[in-house]
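Below is one structure. I have some questions about it.
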């Protein structure tokens, strides 16, 4: 495969303005990797950047849910971050870039996801390389990056790895409560990419009873396809009380064993507590940005219920191999996970991709490089 | 010891009206126990009953934090609920009366505290025995009661067993998070009997750093005596933000590892989340009645913080032996736990005891039988 | 359905001698249930009784892995042990009979499987009812029995519930170590009914990599069908060291994450430790009777490996609903669990059933009532 | 404080031969620290080196349980490994040197103690610095070392940090089983430095009932002083069975809740399983070298007992701050932990120190620098 001298990348040059620019492909060092991009999912964070650049990165090449093929490999790079050997031609994805903390002894090493200095390709400041995000034809991985060889997955699966890792992390958090068994009733509120992937993870774990809640019948139909055994469109209920009653009815009057909150809507963050049975648990996995406060009742929601609640924040690199095997096993048992990618756009169409995402059409929108 | 034919008991006969009445001491059956009361703590629940009879029990003999001496023993009663042999003259306390649930296989057996039909002496309806609560000179324990021989504790310690069991249960819940170590910083908000006992439990466990928060300097002084290493009077801070800053300052800018919420004030239930570090935990142990809603922020308080939250609801009978050994060990290391009992009243003074409690004077108010 | 006056039952009347006898069908009380037997698996314990009557029960009607149909129902029996309503015509299974311990506060309530007084139908002493085991045409369930309505499972599935509960309990014990994830490598040593069901449970949980070890190629083929990704016949290795090397080779030189020991052979109980990686775990689920000592190395097997080991002993009634949903989910994803029942015998052929079992032919041998 | 040009260090130059040699004190770089040694405990590993150099390090400056004062500080060194600021004059200890693993995603980050490349000062090969162990007057800490400022502890406490960290790690492993409460009965077999420190940790955690087993009455007396409530000299029992009976007698016939195995004797590693109750747990913390195999019974010791076993291997750097606060709290409650240091030797007497250690005299033998 011949590597050209220059390539294109989509640069966010202003609020709501992505321009395709041409950059020279840099010579890579002995510790670097040049990757030809095959595609990259569009994330809510990308949309935030597109709408207002909260991280103050403009001009920036976005895209962190990407995958591609190694076309050039520095000679010091022999294995990926899980210890697998790598070579030219391998398909890869990237994960977070953590720095070892200086006060390591004061830090829980299993919580590297909570380190303040974490970063990812696709949210890096511009530099002389320019090819720092997945929304381009090529990307350059620098020394000490984390990346994984994923040759045994197809493009659709690889495009879903990053959001699936978010979900795997949440489910591992939930598992620490001991409340997830074959006969547990799990409830998933919010059927966007995160909620739908969560349903697929629970189903792949063998959880038999899964209640899905959303306001969109198409998303609920997809929830059913991925394993939900009951679907509730909250728009069919005149009040929160009625919705709670519906959940109780399904669960012999008690409420669910464990609930996952996967929307960013404050009202949903209030309601989720009411769906849980006494002695049950709940995981908050929807509020990756501050969408405002919500109201809870300390007596009924926490104390009298003796609930166990776990927050979940992105993922660690250890969650990646777990994610790969989830995607493989989900495929083996016939869950249509790949159908979550509902829209595909070229580099030149990325403004449109953002607009589609903003209008909440489809589930997962992705950039796919057809060249 | 001669047993009289009749004895006195304090009967709540109307809202805010306790009258001492004389009752015949019943003949006990082969499965029953007659106990001469030595004393009984006054609980928040007693106060609720006194103020408004929410459980609709009037006329009722209240008092569930009691202790006394066995004076008559049915011949079938050979051991207490922990398997210890019992005999006339033994000092005892009672605990919850759980019924085995009919749907046992659908219930977590380690969560008997969440069974709906749980009851205690002191909150039972009146019947032909009348001596159903600890606010009397004698009490009759019926078949299938749970009770414990506690000869190796003095009266003060025994009067504190029931509230201490509430705290032991909360700390066992907290321990499931793995966040309590010698070098953890624990925070206790609210220095009533529950909060102060909690500080004593943490200190007895060897937790070195304990922050106590309250609005009363005397209670905070007691917190210090029981092991708190930092005390904060929230009245010294002009805003919640300032109070949070003070906590952060003590904790190298991060917040505490684990926080216990021991007040029934909604604002406190909101604030507690802000004191906790990323990756930390929190236990709600203050809202045993519905004192209203509170506001939290799902992004900052749960998701980004990746917090673990445990509610705690009363106790199981398994918590009782743990409580006994806490009280003994606290005594061995010189913690002044018995000083929590600040006021003592006779049977005839129980209206006054209630009034003192209502005015939030002292810490633990107790009925003591001097006859 | 007409209920006859008498019915047949297989009585173990002497060592290695089962005789079919006729008994009157008793009138049942208001708390009892009369069940027409459909079938019952033959367990290792039945074989022990057949070979030597270690429990000193002769004459006894054996059979505790049974299932059948309610034909008569005492009017006080309204729900099963999980709270489901029951009626004539329902299909049921029975589980353990636990008595509430008198020293309840000294006992971990989640470990009812370790109570000394546990019993099951099929291992009860003979009495005036006689119909105390499932190896008959009818069985009478007494007051306070535990039983479950399982109408939504076919006969094959229902015959596997009891051994599957053993396995579910073991996997719940294993889950407490946090070592079972989609990308874990689990190893199962011993492919009898327990080991094979264990493989099916792990696969249903989504564990992608499962190594099965046995000495019989047919059992290993069945292991593969139920989800094992690697099968090792230990007879193909000249030494334990070679077998260990083979396991290490599959696991990038490290050993497996978690190993399940499912045979009763001491040498296997020694070897299992060697298969586990540093930081991994192991569950002993094979030694339900004392088959002798084994040798381990405290330095290499426990300390330096920092292993976590969990024993597993039968099951609690809470494991039953989990087992039901495992069997349903396994069926949904196409695992051929029902094929574990390889031999079926009538009441009159039970001596032969025992002999087949003794010769280790097939996997699960069952009595099936064709009348 | 004037720093000399040369200093002395004890060099193991041959099997059982330590010679004091003079070395130039090197100029330190901007990332290094020069420490004046105050003292260093003698460890079993030192003894192994002394007796046979199993790590093939001769010539080597041994000593890894050391502490001293910073006398020179490279300008890039601003904080210790827990984030505390450091300056000349600070008292410090060192801990393990871990390298970040290349296959990080395949490794449990909370198990850095199991990484293959871990090392410590005192077991490093000789190089041009020579001052690589604590058995000298000065030691040079290189870039990326882990070390801790411990100004708030006296010399005796600081000399015990390293073995105490071993014990803290073991107890944290044990805590994951949920079996350690105020009313648990813990058993500690082996009252050398590790066993005795373990007793002190359990007592500082508030565990009320601690059984100590050893063959030496003086060590058992020390065990009592540190918190053991029952002491058993195994030499007073004619057989293992009698010893087991004695443990059962103390524990109402059941066995202890949790047992810690702190000797390197195979027979002890066999016996420890028998002391544990059904449903209890055990931690192996004694076999840091291979002292041979032991025999267990898979049925009685693991399966029927449903035991939970945790191995424990050295410590992580996160265990160090926990250890510091254990030592402070133990001191606050009056446990005579410092008395564990029974023998002190100068640099010139280190051969004698080794001989004393070999003869198992005293508990902890230490080098103390009096110059």
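Just so it is clear, A, B, C and D label the chains in written order, and each chain counts residues from 1 on its own.
Everything below uses one rule, namely that a contact is a pair of C-beta atoms (placed from the backbone, for glycine too) under 8 Å apart; a residue touches a chain by one contact, two chains touch by 3 or more.
Fair warning: this is a prediction, and the values are worked out from it, not measured in the lab.
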Other chains in touch with both chain C and chain D:
A, B
Compute the distance, rounded to whole Å, between the mean C-alpha positions of chain B and chain D.
40
Using Cα averages as centroids, what's the distance between chain B and chain C in whole Å?
43
At least two other chains touched by the same residue of chain B: list those residues.
83, 106, 108, 176, 252, 321
Is the way these chains touch best called a line, a ring, a star, complete, or other?
complete
Listed in rising order, the residues of chain C that touch chain B in the complex are 79, 81-83, 95, 100, 102-110, 112, 146, 148, 316-318, 320-321
Chain A residues within the chain B interface of the complex
106, 108, 111, 113-114, 173, 176, 252, 261, 266, 269, 278-279, 284-300, 302-313
What part of chain B is in contact with chain D in the complex they form?
83, 168, 172, 175-176, 178, 181-183, 204-206, 208-209, 252, 321-326, 328-329, 333
